[in-house]
Amino acid sequence: MEAILFYLTALVAVLAAFFVTNCRNPVNSALCLVTNFICLAVFYVMLEAPFMAAIQIMVYAGAIMVLIVFVIMLLNLGTAVKSRYTHGMVAGGVLSVLLLIVANVFLRNGNATGTGGDITSAVIESYGHTELIGRAMFVDFLLPFEIASILLLVAIVGAVVLSKRKV
Amino acid sequence: MQGYSYLWLIPFFPLVGSIINGLFGKKIKNEAVIGGIGTLAIFSSFVVSCSYLIKLLGDDVKVHQQVVASWMSVGDLQVDWGFLLDPLSALMIMVVTGVGSLIHLYSIGYMHGEVGFYRFFSYLNLFCFSMLMLVLGNNALVMFIGWEGVGLCSYLLIGYYFEKKSAGDAAKKAFVVNRIGDFGFLCGLLTLFWALGSKGVWTLNFVEISENAHLLQSGGLLVTVVTLCFFLGATGKSAQIPLYTWLPDAMEGPTPVSALIHAATMVTAGVYMIGRMNILFAMSPTTMMVVAFVGAATAIFAASIGFAQNDIKRVLAYSTVSQLGFMFMAMGVGAFTAGIFHLMTHAFFKACLFLGSGSVIHGMHHAYHHAHLHDDPQDMRNMGGLRKFMPVTHATFGISCLAIAGIPFFSGFFSKDEILWWTFASTRGSMIVWIVGAIAACMTAFYMFRCLYMTFYGEQKTHPKAKNHIPESPWVITLPLVVLAGLATVGGLIGIPHAIDVMHVGNKLNDFLAPVFSQAQQLHQIEAHGSASLEIALMVLSVLIAVVGIGSATVMYLKKPELPGKFTAAFSGLHKAVFNKWYIDELYDFLFVNPCKKLGIFLWRGFDVKVVDGIVNGCAWVVKGIGAGLRYSQSGYLHNYAVAMVVGVVVIVGYYVLG
Amino acid sequence: MIDTSHYMLLSAILFSIGSYGVLTRKNAIVIFMCIEVMLNSVNLTFIALSRHVGNMDGQIFVFFVMTVAAAEAAVGLALMIAFYRNKDSIDVDDFNMLKW
Amino acid sequence: MADYLLSIMTFFPLLGMLFILFIPRDNDGLLKGFTLVVTLITFAISLPLAFDNAFATSGGMHYREFYEWIKIGSFFQMNYSIGVDGISLWLVMLTTFIMPIAVLSTWKSVEKHTKGFMALLLLLETGMLGAFVSLDLFLFYIFWELMLIPMYFLIGIWGGKNRIYAAVKFFIYTAVGSLLMLVAIMFVYYYAIQSGMSPANGFGILEFYKLDIPYHAQYWLFLAFGFSFAIKVPMFPLHTWLPDAHTEAPTAGSVILAAVLLKMGTYGYIRFAMPLFPDALPTFIPLLATLSVIGIIYGSLVAMMQEDVKKLVAYSSVAHLGFVMLGIFAMNLQGLAGGMIQMVNHGISTGALFLIVGFIYERRHTRLISEFGGLAHKMPIFATIFLIITFSSIGLPGTNGFVGEFLALMGAFEAGLRWYAVVATTGVIFAAVYMLWMYQRVMFGKITNPANENLKDLSSREIAIMLPLLVFVFWIGVYPNTFFDKMNPALEQFIKQMESRQVAMVEVQQPEIATLIEFK
Amino acid sequence: MENLAQEAIQNVNLQAIMPSLVLCCFGLVLLLVSVFSQRGKTTHVAWLSIIALVVTGFVSLSGWNNPQAGFAGSVVIDNFATFFSMICLIAAALTILMSDDYLKREGYPVGEYYPLILFTTAGAMWMASGTDLMTIFLGLEVLSVSLYVLAGFFRDQTKSNEAGLKYFFLGAFSTGFMLYGVALLYGVTGTTKLDGIAEFVRSTEGVSSDLMFISGGLLLLTGFLFKVAAAPFHMWTPDVYQGAPTPVTAFMSAGAKAAAFAAFMRVTFVALEDIQDDLTALFWVLAVLTMTIGNFIALNQQDIKRMLAYSSISHAGYALVGLVAWSDIGFSGILFYMLVYTFMNMGAFAVLVLVGKQGEENLTVDGLSGMGYKKPFLGIALCIFLFSLMGLPPTAGFTGKFYIFAAAVDSGYIWLAVIGVLNSAVSLYYYLRVMVHMYFKDPQEDFSWVSINPATAISIIVSIAGVLWLGILPGPVMELAKLAGF
């Protein structure tokens, strides 16, 4: 049952990703991207990370995609796309296949030995995913969290500076 | 002056004279003063030399050294500024200073009115200095200083009229050819030093060399090589085959120079050097033979060229070469004394001849100048019948001709005759050398008298306008002529051969030089053995030869002046060859000079610029080219950059994962 | 319970597709989206692994990756707009003023 | 004073340079005068060395100065360690002696950017002196490279029309060599450390002499050092930068280049390459000797056909330094002494020749032989001086040239480089040929070129420049012992040191395939 | 819940982030200042940010020799971090000094510029002091994002846009790979803390040969290699450096590179120690490739900024040599070299800032003809910097190179050292070319537009001082570098 769900979602995700790269129209690409995001959210749920799934939907599908689509519209690239495909297609294909092979090999022959952490599904059951996240975030990764805030600030300032029409 | 501690004065005076004239001559201007200084300088060393000669005659120790200072002291190599006085050098300094003084005196008159008067005297003194160093040096290096110094001076003096291209060329040629000889000298020096050194005696001192010569294997390869090297040096300095070509050209210099340097002194340095090293030479029969044959060859070869020259000085030049050949013949057959003897007599009569020719040229030049003509004052074809204009010159010239031709009881007779006798009778002698020598003697007589007749006898061929303005030279010129003629006449008497020594005066020269040569001669059984009668017979024969030479000359150039024309017509090819000195210069140009130049050009333009530098620039060019190529990898397209990155990742990770 | 390796493989596939898109597309925005695909595949890996190794660090990392993605989106799009204003195009082949 | 003599001498010009920066740039006379004074004072400071008898008595280092400079715990240490012995003594003296002359020579010839010129000259002097006195490889390397910079600008800014090419070529060519040497230096240092030498010694060569580095390592190290020095000498076939640099450089530049910079190479061999890697030396002697001899003949032949006087002199330098190298590789007292004295000679004669070329260049602004002829009429004094220098460079006995050449040849001959010596001796013939031919074409004959009609003879300044050189031409020629006395002890010690390392002359060991400790 | 707060508090150690904290605070303040300050008036902001950097400098110096770890081991201030922080601060200070007039000239007197620089620097400091991949990653992102902005800062100049965009896309792309690597490492070791990883690798059997671990490490390193502009991840460098505003270029080439090296080294030597052999081999190849490509392509450049970009690639190659050596000398060598490189490169760019016209079309090699005579001070300064970049004594460039190559020789990488010096021999040519034009060619134009303003002059003088000081008496600083090494 779960397996079927997994494979179906995986299929959708892959197809979506594929169309992101191959749609003529950026808008379609964007929609495919959203699809892909949603599939990932599904996976997150299956991986017992519901909070991440939520974030995924909100941040990505919600924020980032809106931004992207907004820009597409702003630059009204809706339909008019100049030369769509590149001569580099072959190279790109070959390279990504190679990449895949390499990845495949080291995923097969490597093994994730770092098991034995204290977070089991039982723990998640008892505490709840969100609290665990929160604990980790604010106990172990407080500093990165702060840095992230600075990062966002920088991004905002930068965006403002760059898109202001005149000084 | 007690002891021999003032030897250094002898070269010192001319040096001072040279420096004074060189630095201040320009200010002094007054020719009398300049000439006076120059002459005085060399004359005072003549005086000193005389005093030393007398002292030496009276002294029973015959070899004296004086070390002034150390020159180089580097480990085994200890070279001093040292002088050596022994009979040989005593004799030489007498010749140098004596003839030198006369020629200085002569020059005052001859060079009168020249722009570079002071320059000339400065050079002349400098030459005397170098020559005296050469003669007096007690070790090979000091000798080498003189050796190259005289080369330098001859360069300067030949190039005296430097605005004449021919003069410049001649000067350069002289020095370079001499350098080739010096190359031999240096090699000899190095080899000798090393050869003796390897036997434990590190020295270049002549006395020590002759004391330790026995360490070297007599007749061995080493000593042969050494002596051959030195002989090469000698051929350069003394204008022997194959290096004689510079001497005739050297006649570009003023005549006194030709007289002093290219007749009396410098060119005899080679002979002196062999005499100085007689021990070594005696040890190597091979070398001796080579020396003898080269000498003989030169003697006859040069004489042959002397036949067809019309320039009075060139005739004399070739005769000098040929006379030097005689000296080397003598040295080669072990007749060291005879060689030196001939050196001395030759100095007298040849100097006299040159000065005489100089006087003639002076006169002709004066006449032409007076007539505003520009004919060549040295060309004998424009002379003839001069005897009535310049009697003194004529007389002295004639005497010297007799001397050089070997007419009995003139100095040349004794020396040349002894040489021929030795070539015939010496243990190191050989028939061939004797025959060649005899023929050469005959030819000498012939062309010398040809020269005499063409100049002083027959009808005058001078340009009519100049005809009657040919003056006799002033006393400063004639006086040396007379003195030298006198010497040329009686000079031979110090070496009367035993065979005809009727008054039993003995062979003074032999006894005097014995300390230098006898050792080697005894050691290697070099002697002339033969009965007195045979000697006398030969003497007569050679006299006849001389007479024949003179006679034929008389016939051709006095009695039947049309004959020479016929001859040249008959043997035009031969005459042409002889007239052009057998094309030897051209041959040398073809063999050495031009190839060298071509090689130089090739090495520079072809090899250095194209290949060597080409490689250097090539490297730079390649690097830059590669850069220019790589540059286009930076296409500016985002995709290419991304591709590069992915390739990088795939390769790096893939290498570790798959490899 | 699906084994982690499946997720890993899937994310690898997604990653490759994303990079393929980056290498082939010319429209800057699309390329940016492809990069997003790559980042998401990484996120998937993180979460899968975080479950596998049993601690939360991976998920926190995903959290920050999202932040970064957002920040980059903001800046990147701003840059594109600025460029579009000058060249009236966001075709990456028009970024060819600087080369060699 | 005496304790710091060398430092003061070395850095005084630098001080002067700093002062020059504050002199207004348009005040030509002041700039030149000041520089002259500085160089003269430097010469004065260095004089006590020449009169110090310590050199005659012991061959060791004198006037030692030693301070720790850079000291990074176990990583590495460099020391400011300087000193002078009989070998470097005369080169130092030559440098301080030639500098004022070089400055004087600029009086008329340098018009533009005088300030920079003078500053660079002084910087250059510091560089040269430093290189001669430093006993620490690192320190030496710094001075060695420091010399490049001023020379580069001297050629590039004040040079002839092809100056840029010449300057860049000079710079890169020399730098390539020295960079390889740098790696070798590091290797030597770490080899020393790993073989248990105390880091306190730093890069001090006197200690490095004692190392015994395995042969195969020495082989490569000698190659690196030798290559760098051979470029500087320059030895055939690494010489091609020289003619360009010389022809393009301003007179003062050529003089210094010829008189001092070229000596860096030969000095480098004696001081560094040979004693540091004595076991590798025999392997290379045949090669190096051959190259030197080729250099002699080749240089002469090429010089013979030159049309540009300066190029001719430049190629003649190749020949002269061939004699130097030959003498050095003889590895016996005569050879070394000959080589050393020949270095000084070459400095004097060739320096003088460049000055002479400079004189006529100032007058006629051309160096083509064909442009001249018959100058002897117009400039008798010039002709005389030129003649003397010519013969000193030909090596006429009684002038300095002869002493050097003769000793070098004699040394080579005794050392068993017999045939090399013989072939090299032919060089004396060629020397006569090209020098005299040049002299004849320039000075003799009638004045054909109207431009030469009204040439002025040497001014008193120019004579003043030449006189000191002439004095030394004859001094060294007539009484070289003045120099040998102070030189020989050092050379003897040098030879002893080499022999103690069993340097078997000219018997050649075949190198194994050289692999240094863990080549990566 | 409160125990959560307590746990959180326990981990906090403000000491450990004090410098970056101070810097960020200043940054925020300056942001406000610049927002409320009058249009086009930015000088005071500039000077304030200088003050900020100086203060931060003093603060971070306090961290010397008293290591402070905190935040559950996600950050530490040790000598290493301090040294690199100082480099970045110096770089930032010099950048700001040369920026003010430059921005006015180019017509972008925007106050936000300075806070952005400060934040960039903060990011760089986090990279230097982070001991958790997460910290390092975020520091890197702060650095990058603000650099994207700064590179594209002249939004009306296509050049600048293009630079920003290229940097952005390639940066994001490489981030993807880097993250993937982090993920893999995380998967293998179960943690993102560097010492945690190292500890795990040491304690667990066979991890150091585990393919996933190795490829994870390599992918992670590609991210850093991209930032330090090592081949084949260098290709963004020339375009971005050429297009970006010159001071920004200067900062990228010095500060950003230094920070990247800091993180690079920490990750390599702490987390990936156990795959040393694999890595040294890799670095050997990359070092050779990088320096060669950089030098060779630089030979034919006309645009000086672009030429310096290539030269900075080659210098990254030299620095990598220190990594290959993998010894104390090598490590501290890199530290020292980064400092040296900061001074000489910043100085060179400062001169260019002054010489350039509006739009900088004239910053070509020919454009400098005769500059040395018209502007002696700038000429001499540029010469000093170029000689230093060549690595000629008595400049810092020489001592730095010596340090690095000495390390290589010490560890026996003779050939690498030889290749290195040959490369610098090649590099001589293009540096000399600049001087040839400055001094050996006659001026085409009088550089009348060049006005030497005090701020930039200060930055140049400081750089000269640094170059000569580190060239002649490098001892003390080398000592510091030694102490800062691991």
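Per-chain numbering from 1; labels A, B, C, D and E assigned in written order.
Simple rule for what comes next: a contact is a pair of C-beta atoms (placed from the backbone, for glycine too) under 8 Å apart; a residue touches a chain by one contact, two chains touch by 3 or more.
Keep in mind that this is a model prediction, so the values were computed, not measured.
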Checklist outcome for this item: Shared touching partners of subunit B and subunit D are E
Checklist entry - Among all the other chains, which ones are in touch with both subunit D and subunit E? => result B
Item to check | Chain pair with the higher count of C-beta pairs in contact (B-C, C-E) | outcome: C-E
Checklist entry - By C-alpha centroids, what is the most central chain here? => result D
Next on the checklist: Just the number, please: Cα centre separation of subunit B and subunit E in whole Å.
Outcome noted: 80
Checklist entry - Where the CA atoms of subunit A average out and where those of subunit B average out, how many Å apart are those spots? => result 105
Checklist entry - So how far apart, in whole Å, are subunit A and subunit E when each is placed at the average of its C-alpha atoms? => result 30
Checklist entry - Taking each chain's centre as the mean of its CA atoms, how far is subunit A from subunit C in angstrom? => result 7
Checklist outcome for this item: Multi-chain contacts in subunit A, i.e. residues touching at least two other chains, fall at 86, 88, 91-92, 95-96, 99, 102, 105-107, 109, 112, 114-117, 135, 140-141, 144, 148, 151, 154-155, 158, 162-163
Item to check | For subunit D, residues contacting two or more additional chains | outcome: 172
Checklist outcome for this item: Going by residue number, subunit E touches two or more other chains at 134, 138, 141, 145, 148-149, 152, 155, 164-166, 169, 173, 184, 186-187, 190-191, 211, 214-215, 238-239, 429
Checklist outcome for this item: The chain pairs that touch are A-B, A-C, A-E, B-C, B-D, B-E, C-E, D-E
Item to check | subunit B contact footprint on subunit A (complex, rising order) | outcome: 86, 88, 91-92, 95-96, 98-99, 102, 105-106, 109
Next on the checklist: Quick check on the complex: what are the subunit A residues that touch subunit E?
Outcome noted: 102, 105-107, 109-117, 134-135, 138-144, 147-148, 150-151, 153-155, 157-158, 160-164, 167
Next on the checklist: Could you list, by residue number, the parts of subunit C that touch subunit B in their complex?
Outcome noted: 19, 22-24, 26, 31, 92-93, 95-100
Checklist entry - Any idea which subunit E residues touch subunit A in the complex? => result 4, 7-8, 11-12, 17, 24, 31, 39-40, 70-72, 74-75, 107-110, 112-113, 115-116, 119, 122-123, 126, 132, 134-135, 138-139, 141-142, 145-146, 148-149, 152-153, 155, 164, 184, 186-191, 200, 204, 207, 210-215
Checklist entry - Which positions of subunit E touch subunit D when the two form their complex? => result 284, 328-329, 332, 373, 387, 392-394, 398-399, 402, 405-406, 409-418, 421-422, 424-425, 428-429, 432, 435-436, 439-440, 473-475, 478-479, 482
